[in-house]
Amino acid sequence: MTAVPREWRDPAWRGRLTAAIVFAVILGPAFYLTEFNPAVLWSEAGASAVRQFLSTFLPPATSPEFLWMVIEAAWKTVAIATVGMAIAILIAAPAALIATRVLSVSRLAQGRMALWPSALRTGMRWLLIFLRSIPEIVWAMVFVRAVGLGDTAGVMAIGITYGGMLGKVYIEILESADQQATTALLRNGAGRLSSFWYAAFPACLPELLSYTIYRWECAIRASVVMGFVGAGGLGQQMELSMKMLAGGEVLTMLSMFVLLIFMADLVSAALRKVFA
Amino acid sequence: MTAPAVRLALGPVVSIAAALGFLLLCIASLSGDWRSFFSVEAMTKMSEFALAFAAPALDLTFLGKLAVASLETLAISFLGTLLAAVGGLALALPAAGRWGRAARGISRLFLNVLRSIPELVWAALTVIAAGLGPFAGTLALALHTTGVLGRLFAESLENVPPEPQASLRHHGVKPLIVFWYATFPQALPQLMSYSLYRWEINIRAAAVLGVVGAGGLGQMLHFHLSLFQFPETASVLIGMIVLVTIVDAISNRVRDRLTL
Amino acid sequence: MSATSDAAAQLTGVGLSYAGGVPALAGVDLHIARGEQVAIIGPSGAGKTTLLSVLACAIRPDAGEVLTLGQCVWQLSSAGLRDLRRRVFLAPQVPPLPPRQRVVHAVLAGRLPRWTVMQALRSLIYPVEAALAHAALAQFQLQDKLYLRCDRLSGGERQRVALARLLVSDAELLLLDEPVSSLDPALSVQALEVLQNEATRRNAALVVSLHAVDLALNRFNRLVGVRSGRIVFDLPRAAVTDALLAELYGAELNQSVQALPEEPAAVLRLSRCT
């Protein structure tokens, strides 16, 4: 076969080949570091453990007391998430109000924000970043060790992390909305709080509500996960059952969990449709 | 029930009252001892923890272990996301309706189950099958993310403009080839974008999975926190934040280049 | 009258309505012999695209019979339909090029019906038969665009790339929907010349719908006028008068079917025996 003439050779080939080689080179260590060994799954130890565990899954535990306990635990999870969200809003709302540029009087007057207001706003934003960059489960672990097992740790963990998340998004929503009305009020001498209440807030309310409700749904999921480290609710019960390899109980609780998520999804979607 | 009608019917006062009522109900259901949170004991512990951030453990052997754990976490997130992308694509094909409505329904249900169960719960399960360590973490991440990516991929595939496929089909090209020549190339930028975004999320998840024994930084964190070794815990947390920031940066750069 | 087995395409009494009951085609009879070159003209919305799609076995009509390359199209199995479609090429109005795909793959897509799965996949990794694509593009002066992305091309260039795909395929029935709409007059003539030479070389039937009537009159020996989903006339070039054209393109005051022109030879089916 004759050599392919210059103008017909694929110019993208070199780049692609390099990328493929780099990828293969990364893949090797990745498999090594993760101790990737599918054989383990089928080995004696792994397979029998799985088989034994799975065999306990059926029949699922359905005794009335147990079911009642599971429903209670699920309700606890919802309660943890809701109270946690309430605390998060208590943190996020003032933080967002302080940190948002929309209400900056100095910026309107002089074109640029003055030094102290700017520093205050930046500081507040950094606080929000700090609050949310540590995973909520870590907060939960810390609080569990500080105050003991149970709901409080979970509520505070959600309150703090989600406070950071809500704060950031509230600021984004406020700043991406049309600011004319707020600016007009500020220019005419209205106080910052009034300008916010009468101009920015009504305009942004649907989006703020929509995101908050969406986050509430995520909080329910997070509450279950945090339960695994002892922060109460359905997750804590599931962890106990798993430790005892009581597959039937785990299956019931997993089903309850999926049902819970499904219902939260429905409620959240319905609420968002009504209010936003 | 139309939205405007409900809005008129409920009114803001009623909605606020309902929300507050629900909140009070929740507070009442919790057995938490609020005062214990602000007790001297708790406050002392928490301030100790906070102060540890100012003086994290920095000796070389420890930093060495931290580096290894970070690489492990990175590998878990990378491999987990990669496996999920492949699995997700495989499941996205039926979920996008290629093989009829029954297959679509079943595969979507399967994907929903995979993604409803959080990574941590999967990790608790995979640890039983694969033993403690990063392999369990990778599997857990892969399982959960397959559900997420599979659904996103299916939507992308369904939303691809149909003209190129139609043109090839009308020219008698086999369906498999039509997929690789017309459907997949059009969806690819979005698929990659979703995968990279998921990698950003997974690096955080991978860091945390270790809590149930699935390797990486999380396992280190759990270990030191259980022993109340706050300086070491602070170091691990700082390592987590650094790792997350790096992965975010890489992922953002690659995603930017993709959309050009 | 040529025998049916010689025909590239034959439509008998074809009718088609879209959802909502809007009739796109009604009572269409059309016979196209092998190697014939026909231009389809008519006002916008007349049904030219639908007609070409029916000829291409792309959509199934509600009424009537479609015989393509001697086979009853809609009685074939799906495998048989696929085999038949391999021999037909339809170029839609908007070039169906995936935006981020490179021209080389877009052109070589014309070879896909003949490639095995392995060849097709290999070609995605490294283009097989790039020389073929290069030669096809050269006929339209686009050879330097071989490795560019399709969305980096102008509208006219994209159209010609879609035509280059035709050159690379080996179809026997070529159906083109407004293939030169984005090209300037000189390029239009040049492109049509390339296409017609290719069709002659392969002895393939060529059916082109055109907006520019003068192009149709200058380059095609048989013109089919379509209006409101019906074939209004089907005549050799010489028989198409200005009066006919004016009636065809006249203002659409009502949707009723145009009355047949006075000459009784309006639906004469003349086949070319080239």
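General observations
Going by the order they are written in, the chains are A, B and C; count residues from 1 in each one.
Simple rule for what comes next: contacts are C-beta pairs under 8 Å (C-beta built on N, C-alpha and C of every residue); 3 or more make two chains touch, one makes a residue touch a chain.
Predicted model only: the values in this text are computed from it and were never measured.
With centres computed from CA atoms alone, B is the chain lying nearest the middle of all the protein shown.
When the C-beta contacts at A-C and at B-C are tallied, the pair with the greater total is B-C.
Farthest chain from chain A, judged by C-alpha centroids: C. With centres set at the average Cα position, the gap from chain A to chain B is 9 Å.
Mean C-alpha position of chain A lies 55 Å from that of chain C.
Note: centroid distance chain B to chain C, computed from Cα atoms, is 50 Å. For chain C in complex with chain B, the touching residues are 56-58, 82-90, 92, 94, 96-101, 105, 109-110, 112-113, 115, 117, 120-121, 124, 169, 171.
Chain A contributes residues 4-5, 7-13 to its touches with chain C in the complex.
Looking at the complex, you find that chain C touches chain A at residues 102, 104, 126-127, 130-131, 134, 143-144, 146-147.
Interface of chain B with chain A (complex): residues 3, 6-7, 10, 15, 22-23, 25-27, 29-34, 36-37, 39, 41-42, 45-46, 49, 71-72, 74-76, 78-79, 113, 116-118, 120-121, 124-125, 128-131, 133-135, 137-138, 204, 207-208, 211-212, 215, 221-222, 225-226, 228, 237, 240-241, 244.
Across the complex, chain B is touched by residues 26, 29-31, 33-37, 40-41, 45-46, 49-50, 53, 75-76, 78-80, 82-83, 86, 133-135, 137-138, 141-143, 145-148, 150-152, 155-156, 221, 224-225, 228-229, 232, 235, 238-239, 242, 245, 254, 257-258, 261-262, 273-275 of chain A.
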